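These are the structures in question, set out in turn.
Shared between the two complexes below is chain A, which pairs with chain B and chain C, respectively.
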Partner chain A sequence: MSDKLSRRDFLKLAGVGAASTAVLTGCGPASRSVKREPYMQMPEYTYNGLSTYYATTCRECAAGCGLVVRTSQGRAIKTEGNANNPLNLGKTCARGQATLHGLYNPDRVTDPIKRTRGNASGDIVTWENATQIVADALKNNKPEEIAFLMGMAPDHLFDLVADLANSTGINAPVRFGALNMFESRATLSKAAENLFGEAGLPFFDVGGAQVVFSFGANFLETWLSPVSYTRGFAGLREGQTKKRGTFVQFESRMSSTAGKADEWMPLRPGTEALVALAIGRLASELRGGSMPRAFADVDPLEAASKSGIKLETLEHLAEMFANSTGALAIPGGTALGQSNGLAVAEAVLALNAIADNFGKPGGVFFSALAPNQTEYQRSASVKEMQEFVQQMADGKFKVLFVHGLNPIFELPASLDFKNALKNVEQVISFATFPDETALESDYVFPDHHGLESWGYQRVATGSAQPVLSGAQPVVSPFYNTRATADVLIAAAQLASGKFAEALPFQDEVEFLQSKISPLMSEADGFFSAADIDTFAAYFQQYGGWWKLSDGRAVPNSADVLNRSLSSAEAEFAGEGEFFFVPFVSPTLAEAGANKPWLQELPDPTTTVMWNTWVEINPVTAEELGLKDDDVVTITSEAGVLEVPVYRYPAIRPDTIAIPFGQGHTAYGRYATALDENGKIIKRGVNPTDLLGQHFNEAGDLAFAGMKVNIKKTGKKQLLSRLESIMGVYGVGLGEEK
Partner chain B sequence: MIKPEEIKMSTDESGKWGMVIDQDICTGCQACVAACAMENNISFVGEADSGYGRSMHWIRIERFWEGEYPEVKMTPNQPMMCQQCGSATCEPVCPAFATIHSQAEQLNLQVYNRCIGTRYCANNCPYQVRSFNWRDYERPEPLPNQFNPDVTVRRRGVMEKCTFCIQRIHKAQDKAKSEGREVLDGEFTTACAQACPASAITFGRVDDPESLVSQLAHRGHGVKHLEELGTLPNVTYFKGG
Partner chain C sequence: MIKRLFDWLKQPLGLIAVGIAFLALFSLAAYGIFQSQQSPAQPIQFPHATHAARGLQCLYCHPGAARGPSAGIPAQAKCWACHQQIQKTLDSQLADTQFPLLKPLVAAVTSNTPLEWVPVAMVPDFVQFNHRAHVAAGQNCENCHGDMTKVTVAENPQVFNMGFCLNCHKKVAGENHELLVKLTDCGTCHY
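Then we have the complex of A and B:
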C-alpha cells in the first residue's frame, strides 16, 4: 500500500474488503487452537459491523448438510446452507436453522462434572482430572470391558474411536440413533442384499421420476436425507422431466409427506407387501409377456379385500405405474417397521424391476459411498442394541462412554437401558446438553457444540457425488467444554503404551488431517492441493471435499423378478383394538426438543406446538365420546401413556398415531415443563414407551407393529395450536359435535 | 370532495419488491418459519401464550382439509406472510403513523418506536399476518448472543410483521451502490427463500421484467390472495396441482 492514500481511496479499499467478506474464509477461528478472549484487540479478519462467514457441517441430524454460518464479532448469527455442498446446495431444514438455539442454549453443560447418578447437580472437575479419569478408565480395565456407544454424528470421532478400538482390542464402537430406528435402515440394506446380492443404502432419484409410489417413506420429513429428497420432490413436480410428476403415498396415517401426494392410499397396516405385489402383478399383466415369478402367487382380489383399497383403484394405480416411462417405488418408514418389514421392502423394491429403472435417471441406485469409505456401514438395529443392553445388564462392561446420543430417551423403554446402566461401574458421558443419559452418568465431560467443533461427516445418501462434509469451529467455545477427540487423544497419551500408539496425534486437527490427506492423491476432486496445509485450508474454506463424478452404483437387478416374494401380512403384538403408528415429529426429530424455536414451530399437519398429542379419526373419537384436548390413556403390552386427543381427519378409523420427539424428563428447560410447584416434569410423552421388543427379519424394531387400547380419563389438557379451532367440528358455533 | 375515481392508488411498480410462492412444491416443512425467526430476532412465547394465539410467527404455513375420510385431502401448503400490499388496509388506521408505505422500496413499513400498540392495524389486516408483543418475552442468556445486529429487538406493546428482510435489501443496495452498479437479480434473497429446501419461494424485483420473480409472476396461473379487496398484494401464489 502506498504511503499517500487519500480518504476516498481508503474507503474504496475498505469497500473491496467488505465485498471479499462474502467469500468463505478459511482462517479466523479455524486457526489451530481456539481461545475465547474479549475483543480488546480485534482480530485482523474482523471488522466492526461486517460479518465473517464460515463453512461447516450441520450436526442436527447425521445427513451431513453443509452450512455457511454468518458470524459477527465472534458470535454466530445465522446459519445458511452451503451452496457448494452437492448434498443440500445452499438449503437447510428447520432444525438446521435452529441449531443456533443449541449453541446458545441456556441449559448447556458448562464444565466437566462428576455427579452421583440421577442427581442434577454435580461437582466441577478440572479438565486435567477429567483426562486422567478417562485415561484410567482405558488403562485399568480389560479391553473387552470398555464400550463406546456413539451417535450417528460426527463421523470423525467415530473413526477415531474405531481406530483406537482396532489397535487396542477394546470393543468396537456401537452407533445408534432413534431416527435410524424409525427409518429402518437395516431393513433397507438387508432387502438390497437379498435382491441385488449386495448390502447398501438405496438411493431413490425422486427428482428424475414421473410417477412415485412411496410405501410409508416420509422422505419430506426426516427420512434419510430430507433436504435432498425435498429438492428431489420439487424436481418431480416442476422441473426435471418437463411434466408434472405424480406422487402416491401408501400409509394408514397421512403424514405431511402424504399430504403432498396426489393420491393417499390409507391401506390397512400390515398389507403393504400384499398391495405392492398386487400392483406388480396387475402392472405386469398390462405390460404383457410372461408373469414374473415375484408376482405370480399374489391374488389382487385378496389384496383389495385385505388392504381396504378397491380393486378398481389397484388397477388404476397399476396402469399409472405400468404406463409411465419413469416409475419409481420407495419403501420406508412405518411400512418397514412391522414384523413383515423385510418382505415389504423386497416387494416394493421389486416393483422397480417392472419399471426397469435401476441405475437410470428417476430410478434406484446404491448411494454413493463417501470419499473416505470403502464399504457401506450402517448403524446398529434395535435388535443389535438389545444385545448391547443385555451385555450391559450382565455386567460385561466396566466402563461405558456415551457420545452423540441419548439412549435412555431414544431407545424403547422396554429395553430398559436405564436399569442396565446400573450394572456398568463407570459411565462417562460426553454430552453437550444435560440429557437423561448424562443425568444417569458418573461423569459428564462436555463436548463442544457442533458449531464450535472440528470434524467431518460422511454423506451416506442424498447426493449423486461422493461427499465428505467438513466441519470447523465458527465461533470460539462458549463454555469450559473440550472436544471429545482431544480428550481421548490426551487420555490415550496418558494411558501410554498401546493407547498412545493407537492415537499418535498432537490434537484433533492433526488426526483430521491424517484422515483427509489420502484424498489429496485422489482424482476428480472438487479441489486438489499438493500439500496438506493447503488442502486442509481448502477443506475448511469450502466445507469439505467431494468428487465431481457420479459415485452411485447400479444395483444388479438380473434376478429381482425371478425369486418368489412373500406377501404375508404383518403380525401385530398385543390385544388392543387400534393399530398404533409412532412417527418422528418433522420439526423436532430426536434431539430438537431443547430448542425453543423448534418447540414453537407448528407441526406441519396438526399445527400443535410445545406438546404431544394422539391423532384419532373424528368418527372414532365420536364413538368413544372424545373431543379435542380430552386426555386418554393408551395401553399397549409394553406400557401406558396419558396424552390429549387431536381429532385428525386423515387417519384410518382403526389407527391412532403419536409423534416422537417430546417426553423428556431432562434435557433443559425447553424440553421439559414445570408443574405448579415449580418441579420439573415431562413435556409431552414419548411414544416409544409403548413399544415392545418385536423385530422384523432384518433386526429392525417393529415399531409400527403394536396394537393398543384407548380409555377416556375425563381430564382435559389444552393443546396449543396455530390453527384456530373455531368452526372446526362446529366448535364455538353453538353446534359442537 | 374527492371522487372515488380520483383516489390515487400506489400502482406504480418502480422499486417494487415481490415474491412468488409455488404451493405445489411447498412441503410445509417449516424451514422458512425457523429461518425467519432466526434472521429477524423474533420472540418465542412459550406453550401457554402460543395457545392463546399470541405466537409471533411472521410467516406461517396454512393447510386446510377438504372432504372427509377416506376422500380427505390436505390443501396445498400455503405460506402466509405480510403481502406488502400496494394499498394496505393496515396503513390508514394507524393513529401514530407507525405503519406506513415506503416510497423507496414500495414496502409496508412498521416503525417500532412510533407504535403505541393500538392493534388497529392487525385488526384491519385481511391476511392476519401481524403479531403483537403481548409481553416482554424472556430470552435468557446466552440466547441473545444469536441476535441479528441488523434487526431491531422489539419489546412489549409493539406490533411487528414481515419486512421482506428489508435489512438484506438495504445491505445489497449499499453494496451495489459502493460498486457503482444496480442490485443484480438473485444477488441476495429473503431468509425464508434462502432456506426453503424445495425452492418454493422466489424473491426479487417485480418491476424488472427480466427478473426471475417477474418471469414467474407472469406465467399466468398465479393468484393473489384477497385481491378483490383492492389491497394490491405483492405476493403471487401458484396453487399448482
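Then we have the complex of A and C:
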C-alpha cells in the first residue's frame, strides 16, 4: 500500500463499495426484467413450477426397462428408472438417460415424405395421402407379397401386425436387430432346446451366485438385459450380507465386463467349448464319482495347449468351480458367434449341471414369459434374415414395411440388403430418424419418438416376475408425426374387408386396451381393477403390469450330462493372420450414434469418443510398426475397412477387435461427419462390413469367426480420447518407440 | 511512466479527476442496477378490480397457490373460457372503441401465441417461497398481496424483504416457542 492509502483505508473503501451495492439492489431479485410465458392450453393436472412425472418404457433397446420421465411445462427434462418395474427397479443405463437426445434430435423426420430412393430430400405428403398409400399397398397386393420387417422389441405394434397377418394371410412380421446378432440369441435358445428339451431364453441368476464363469457374455454392457444383469452383478459382489462372489471372464479381448472380473482368461478364439469341457472334466474329477459322459472325451492337456491357458490355471479354475456352493456358467456373445457356437453354448450350459444349480438361487432358469405371452418368441437369426433378403432379391415381396430397425446398417453388408431392396416395388419406412434404410425407401411415414408414444413391451428376460412394461406419451408430439399403429389401423379401415375386420379399432389406445384387458382377470397382479378404464389408468400410472410371483421355469436337467458334447474347435473363414472380434460398443450399441451424449461418453475401456478404432496388442503393433492413430487397412474375405489403431494391452496378440456402433452414412448430423467440402461422409466404420456369410448350427452369424489381414497405410487419423497418453509407451517423455 | 501518472493524480487537479471518474462509474453502476430492477410493461393492463368485483376467487385463476410453490399465471385458455361468452369481447367494434384492454387477449387467442405476463411479486433466488404452506396455514391472499378489489394491475403493497416475512412469522408464532423456532429458522426459507 502507498503512503496515502493505507491498508485500513482500502478495506474501508471496499466495504463501502460492497455495502452500497447491497443497498442499491436491496437484496432483491437479481433482475426484475422477467417475462413469463404461460401455457396457451394448460392441462388441468399441471401446476406452474411443479414437475409432472410419467411412467413409460425405454425404447432404446429391446430389454424393456421402465422409465419415469420428469416433465416441466410440457417438456421432458430427465429420464430415470421406474422403481416399481421389477426388471430395472429404478435404474437405467446410459442409453436410457440419452433417450432425450432422440426426442430433441434436430434431425428427426418431421413430416410424412415421398422420395425417390437415395435422395435425401423428398416431398411432404399429407397424412390422409399417407394412410391411403398404406391402404392401397395392403389392398392391391396379394397377401404373400406384403412383408413387415420390425425391430427386436416384442411390443404392441408387433402384436398388432401379427394379428393383421394372422387374419389376412400376409407374411408374419419378422423381428430383427443387430444386438440379436451379437448376442447370438438363437444359439442360446437352440442349446437350451437340445439340453433341456424345451426352447426358451435362459436366465442366469448372477446375483445369487458365488462363482460366475462367463464365456463371452458381456452382460454388463449390452447383453440381453444389461441393467438387470448389472444389478445381478452388484448382488454377486455384495460383501456385507454374504461372501463376495468371484467372477471369471473367458474371452480373447478384455471387454469392459471382463474389466470387472477377478480373472480374465484370454483364450484362443474358437477353443471355448474345449476349455469349458476341460474345466467340466477336472471339476468332475474333484467332485469324485463316475465321470459324466459329457466330459469323458475331453483331454485337459490338449485343451490347455490349444487354448493357451495353462493346465495349472485350468485346474485352479476347476477347483474354484467344483468347491463353490453357488457356481454359475454363462455362455454368450462372441463365444457363440462362431462356427461351433452351438457346441460352445451346450458345453458351457452343461457346466451348470456339475454345480446342479438349475432352478435354484444363483443358477440357470428359463426366463419368465411376459403376462400376455404363451411361448417364447425369438427374433430372427441372421440365417433367417438371409432367407428374407433372398426373397426380397427374388422379387417375392411387392411391398415392404420397415419399422424399428435399420437393416442396411444393422445387417452385414455381405447380405446386400440395399441391393435386394431394389427388387421390392414399394418400400415404406416408419422411421423416426432419417436412417440409411429410410433413405432407400419410397415413403417415410415417421412414427412418434418413444417418449411421445403409447404402447407396451414384453420383457423377454431379466426379471424373475412376468412383466409387461407399459408406455405412454410423456410429451405431446413435437412434429407432424403419427403413431404407426394408428396409421395401420386407419389404413386397414380404408382397405376395408378382411383388413378392417382384422383391426376393428378406433385408434391405438383402444387396441392397447383390448390387449391388456384380459390381464384384469388374472390373479396375483401388482394391481387389479374391475373396469378397463381404471385398469388402464393404473397401467399408465405404474408403467405396466406384472405378477407378484416368480414366473421363471426350471429347466429339465435330467439328461444334460448323459450326452456326449462336441469339443470341436471353431473354423475360421478367410486367409488372414489375425482373429477378428467385432463387439458392440457399450455406449452406442446399434442406434445410439445420433445422440451426442452417447458419442461424447468415452468408451469404458479405451476412452475413445466420436469414432471407431481397431484394438491391437502393443506387441503386435510394434512388430507391424504401428503406433496409436496410424490408419490401417483391414481385409477380410468379405470386405475392406480403413480404421485408426488403438494399442490395447488387454487383447491377445493374435486378435484384433473393432466396436460396432459407428459407420453411418445417414442417420443425422451426429452420426455422420462432414468432409472439407461439406459433403456428408461416414463417421467411423461399421465392422459388419468385414463379415462374410458363415453361420453356426443354430443359424446365428459366425461374426467372430473371421480371420483378417492388417496393412499399414501410412496415414494418420487422431482419435479423440479422454485418457492421458503421457508416459504411456514413452509418449511425451522423448523415448517413444 | 506509471510513477509520473500517480504523481499527477496526487495533485489537486488529479484528485478532482479521480473524483469525477469515481462519480461517473458510481452513477453508471447505480443506473445499471436501477435498470435491472425495472419491470417491463404488462401485455394487458389487467383490471383485477373488475374481475374481483364479479365475484371471482383468487384461486380460480391462480390455483397453484393452494397446491404448490407457485401461484401461477393462468393460461389464456382459462381467460377465453369466460371471455368467449362475453359479447363485448367478441364484438370487435366495441373492443376497438370502449374496451381496448380486450384486444391483446383476442389477438393472442386467435394467433395462438402466449401472452407474456410480467411477474409482480418476486423474491430473490436464494429465498424458497412456497404458497401452499401459507394458504394451508390460513393466510389470505390479501395479507401479502393487498386488496385486489381496489387495483387494476397488481402492485406490491410492500417490499417482500426478510423483515416483512419475519414480522409476520413472529406474530403468528406468538408465545409458542417451538413454532417460533421453526418459523424463524434460516433453513425454513433459505435452503
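Rule of thumb we're sticking to: the second predicted complex is superposed on the first by the 694 of 737 C-alpha atoms of A that agree within 3 Å, B and C clash if a C-alpha of one lies under 4 Å from a C-alpha of the other, contacts with A are read in each partner's own complex, and residues count from 1 in each chain.
Methods note: a contact is a pair of C-beta atoms (placed from the backbone, for glycine too) under 8 Å apart; a residue touches a chain by one contact, two chains touch by 3 or more.
Just so you know, these numbers come straight off a predicted model, no measurement behind them.
K.L.:
What is the contact status of A:399 with respect to chain B (first) and chain C (second): first, second, both, or neither?
P.N.:
Touch status of A:399: no partner.
K.L.:
After the superposition on A, what does A:165 contact: first (chain B), second (chain C), both or neither?
P.N.:
neither
K.L.:
Name the contact category of A:724: first (chain B only), second (chain C only), both, or neither.
P.N.:
first
K.L.:
Could you look at A:50 and tell me whether it touches chain B, chain C, both or neither (first, second, both, neither)?
P.N.:
second
K.L.:
Of the partners chain B and chain C, which touch A:609 in the superposed model: first, second, both, neither?
P.N.:
First partner only.
K.L.:
Looking at A:206 after the superposition, I want to know if it touches chain B, chain C, both of them or none. Which is it: first, second, both, neither?
P.N.:
In the superposition, A:206 contacts neither chain B nor chain C.
K.L.:
Once the two structures are fitted together, what part of chain A is touched by chain B and by chain C alike?
P.N.:
Of chain A, residues 49 contact chain B in one complex and chain C in the other.
K.L.:
Spell out the residues on chain A that touch chain B in their complex, using ranges where they run on.
P.N.:
15, 18-19, 49, 72, 75-81, 88, 90-98, 100-101, 103-106, 220-221, 226-227, 230-231, 233-234, 237-238, 244, 254, 256-257, 259-260, 262, 264, 266, 478, 586-587, 596-602, 604-605, 607, 609-611, 617-619, 649-653, 673, 718-722, 724
K.L.:
For the complex, give me every residue of chain C touching chain A.
P.N.:
Going through chain C, the ones touching chain A are 6, 10, 26, 29-30, 33-40, 63-64, 67-78, 108, 112-119, 122-125, 159, 161-162.
K.L.:
What residues on chain A touch chain C, complex-wise?
P.N.:
2, 4, 20-21, 24-42, 47-50
K.L.:
So in the complex, which bits of chain B are touching chain A?
P.N.:
Contact set of chain B toward chain A: 22, 24-25, 27-31, 33-35, 37-39, 44-48, 50-51, 53, 55, 57, 60-61, 63, 65, 68-70, 72-74, 77, 140-149, 175, 178-179, 191, 194-200, 240-241.
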